[in-house]
Amino acid sequence: MSQQLVDRLIQELESIVLIDPHTHINPHAAASKTLADIMGYHYYTELAHSAGLERSRIEEPGLDPKEKVCRLVGWLGTIENTVQYSWLLEMCREFFDFHEERITPANWETLYDRAAAKMTASDWEAQVLRKSRLEQVFLTNDFDDPLSGFDTTRYVPCLRTDDLVFHLSKPAVRERLLEATGQGAGSAAQLVDAVGKLFAHFMKRGARACAISLPPDFEPVPVERSTVDPVLKALEGGREPSPDEARNVSRFVFWTLAEHCAEHRLPFDLMIGVNRRVYEEGVHQGQDLFDQRTSLIQYRRLFNAFPRVTFPISVLAQVSNQELVSYSWIFPNVVTNGHWWYSNIPAYIELDCRSRLQAVPQTKQIGYYSDMYKLEFALPKFRMYRRILASALASDFVIGRGWSESRAMELGRLVLRGNVERIFPLPR
Amino acid sequence: MSQQLVDRLIQELESIVLIDPHTHINPHAAASKTLADIMGYHYYTELAHSAGLERSRIEEPGLDPKEKVCRLVGWLGTIENTVQYSWLLEMCREFFDFHEERITPANWETLYDRAAAKMTASDWEAQVLRKSRLEQVFLTNDFDDPLSGFDTTRYVPCLRTDDLVFHLSKPAVRERLLEATGQGAGSAAQLVDAVGKLFAHFMKRGARACAISLPPDFEPVPVERSTVDPVLKALEGGREPSPDEARNVSRFVFWTLAEHCAEHRLPFDLMIGVNRRVYEEGVHQGQDLFDQRTSLIQYRRLFNAFPRVTFPISVLAQVSNQELVSYSWIFPNVVTNGHWWYSNIPAYIELDCRSRLQAVPQTKQIGYYSDMYKLEFALPKFRMYRRILASALASDFVIGRGWSESRAMELGRLVLRGNVERIFPLPR
Amino acid sequence: MSQQLVDRLIQELESIVLIDPHTHINPHAAASKTLADIMGYHYYTELAHSAGLERSRIEEPGLDPKEKVCRLVGWLGTIENTVQYSWLLEMCREFFDFHEERITPANWETLYDRAAAKMTASDWEAQVLRKSRLEQVFLTNDFDDPLSGFDTTRYVPCLRTDDLVFHLSKPAVRERLLEATGQGAGSAAQLVDAVGKLFAHFMKRGARACAISLPPDFEPVPVERSTVDPVLKALEGGREPSPDEARNVSRFVFWTLAEHCAEHRLPFDLMIGVNRRVYEEGVHQGQDLFDQRTSLIQYRRLFNAFPRVTFPISVLAQVSNQELVSYSWIFPNVVTNGHWWYSNIPAYIELDCRSRLQAVPQTKQIGYYSDMYKLEFALPKFRMYRRILASALASDFVIGRGWSESRAMELGRLVLRGNVERIFPLPR
């Protein structure tokens, strides 16, 4: 396969202005302030920790950002093979004029200082957005986020619902819900009402998705109000639910969310397959893993019950990708969504990207999202994806099917940008 | 890897005359009569429906074939990336002199009419067979198929047994069995007798395989006659079986089929892993999906109990392919069989084909079957496979091991044709 | 991708002197004496049997080695596509000056005799080690192996513990334990004591790993001494344990082994996912298969409980590789280890190798082990791996990331050799 062909397609794909349909950006502090904001990304802390750096050295209370970077740099040598390290290097190259092969104990401080200087520019955030050709960024907002003080046409609210579905028995969550909605959750009716208020708030602020991450064994089914009423009442009284009761409440809340998505025509992003707190002594956000034994068959009742709700689906286990391809090929309301977390490495993206392009309607594929915490990450992550997409377009379409390059680019543009606009439409 | 080398191998593979060891061809109407026969293939209706075309528009009672094609054409733009669409285009190119890049609302009607004209030729079926280099076509026959009125040396009967194993409690199935065998199924002994009569009928008409598709959780084990006797009697009386009872009957019938395969030396094709009616509102034949959590370990008792029965095995989940490779490497009676349904796309075939060529005795691999409903599909589907096979032979054998091209072609010929003849021998 | 680049990297990788971190070598007869020692390797006997050679022809009591080879040669034609056959041919080429394309009934005898002649050289073992650039070979020793009579700096003892964990209820195993330790196992305390003695013995003889293979459904958790005490006592009395009791004993012994690994800082090799005796009529060592439905989540308690024990992990199912990558990326004490058995074929190694290089700290990857029974196998097996590694280094690092070749080679050297030394350190 001609490298020139691939390079031309990469160039074309690089010119597309992006909407990033899933991130963890804080819109009040979207860009980094120091290199510590970048290297504090959990991928680096967890990889360094996995290679031997003690958690206490990373998470020491009151640790100075520069000292934190210094400590992490000492372990970069162990992870420089990883694709995550290649993102770091690419950010340093593109944003901070760093042109060394490696970040080392000898050169990091100059880099740190230069980066810090650049980041003090009043328009740093705008610079990053421009250089990254990033037009809109979807957020991950807590259900009680006031959604104020930022430009919601650039930073698009999305209602994240893990707390509601899985932690409603925690007093803190119940209090936040009460605060946000002026509404208790002592009965099914009250809870449905509260959820309705959250949706109203989010819709008013231009929300374009509801989102949740789900454990491998979750199976959504409808639950009668009369089944959860006594449990919700008991929770109100401070009693711990039994595992069965907790599962019923989770299912009830989840189903209620889907009903509100239907009512508001809001897509419901499902991120399927994560087990939380598997490695209990891991660094912040570096404790989660998965069980590959999960199936989309668990969602059959959901997909059948809500034909009008679009479900953009991410799977954590790469072995789930074929199910995702097949379910998207069959169910009109199931859509493939990006390459999530442990599946977000080139060896897996390549296979997953090709299989989706080969078997899912082209209008039903959201190519990629960055999942980033700081704006600088969009550039290297999307670039990794663009390279892989270009390679798939070259081999399977231009060469394999004799398509013209411009036709292959139509497909690339759809997957990278067009579908995001259509699948997450602006609220009416 | 040199493209010329691959192209030479493709040319060689294209010259091999085929036996297609699994199809759904109706021998009384093997070729298409209009483009609606081709575009009515469930792959197209389900993909168009998945992309947004309403089922009622596709399955409207009394819908004119031309109007049906017109409606589907309107949605082809959404699925032209798929490999299934590429088959359609290739059929139109090869059979109907269509040389546009796309089938569109502007050009489809000319295509439709030209195709219809060609298909009226009295020797259309023969033309398709010749052009596709297709010598024999295995069928999928209902157990009560009279198997008469067609040339069974060209269209080879295969006894499909899903109804017997999974739907024996349905009155319609019981009546068909009674009609076909003159025999009730009110006891285990009667049922075994009836199955014996079906096998006798099929063997007399040159059947070369017994076949069945199985859900992911099926686990064949022997069941005592005394266990199913009361259930069969109750079924006779019109009582619905409990889930446990239904499972016992399924297992009993399945085991009985295997016993008859042993007696008649008939291979037993197992197509493992499909869940039926997952998407209840889907189009005809577009409702089935799967659960990747299945294992060939569920078949250990079967494989051990019937050393003389050859089991050509297809798996629906791509993640099952390694088990299939390993079980075929160990069990003399397990054979790899084609690339089924949701695994029948290039990204998965490539990996599956290579792993089989690398680790399963070359005499135990059936490379491909078309699974087609209409004859025209053999050409593009086998061509897709031939390209992938040529690429694997080039990279892993000619280049990787220094084999001569003619030696690589011996392997290709075996996998594509020779093994089909040996594994499904002509009845004695 | 330039083949010259790959070839240069292969050359460089070929020059690295190896430590083979997992084999089944008998240090008292490490090299082969005839071609029957090589072709008696279970891969060949099971593939030939799978292709049609009867077990009784292979395992006939008192069968002459030459006659055995003769019988196997008759079936080589059916398996010459396999990568295992390519190892055989490569051994014959490298060690026995065999330069035919195939081993056939016409040429095998000359080959057999020439090989036998070469193998009689008094320094044959040394010749093989030298030609294979093999410096150290880790063994798989029964727990009651005296570990004497061989050079333990060349042939490194490793304590294999399957018998202790899974077969302690067998009188023969209990007797061997008593013999080896002078200690019964009639109570938890006694058993812990006996295990301590085994570790002391192995550590004194320079052991560098404890190792075990585990079935797909094994889940290690701690078990109270008081729970197993009555079971151990009953075993002493000759009673068969119930499945639950047996599982508790297995878990107790396993946990005790992990505790001793922690005490002695010995890595604990886990080889996860094999079901024994699935094909009961299979040839010797050719009866085992697997169930892909397994997960490393089953080991969460173990990994959390023993942060100081390094667990080099091999997985049998290729679908488990992503979990292995992810768990190694998160848990400091989890390390990737080679490509085991049914995953040890190029199509799977390629994907697994690339994903590990892309996402696991480079210091936490043991690239390959031969798993060999006879020394001659290290050369072709490691060569297969080196080719794949060279290809991954070329595509993903030299080309994909612009690394220099020498830098890519640093990574190759680490994975192939450096990490073995660091992860299995010499005892203090």
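Going in written order, the chains are labelled A, B and C, and every chain counts its residues from 1.
The rule is short, and it goes like this: a residue touches a chain if its C-beta (ideal position, glycine included) is under 8 Å from a C-beta of that chain, and two chains touch if they have at least 3 such contacts.
This structure is a prediction, so every number in the text was calculated from the model and none was measured.
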Clusters that remain linked by touching, chain B excluded: one piece
Interface composition of copies chain A and chain C: same or different, split at half: different
Approximate Å spacing (C-alpha centroids) for the pair chain A, chain C: 39
Per-residue multi-chain contacts in chain B, two or more chains: 293, 319, 351
Touching residues (chain side chain B, partner chain A) in the complex: 46-47, 49-52, 78-84, 86, 101, 275, 278-282, 286-293, 317-319, 342-343, 345-348, 351
Chain B to chain C touching residues, read off their complex: 293-297, 300, 303-304, 307, 319-320, 322-323, 325-332, 351, 354-355, 357-364, 396-397, 400-401, 407, 411
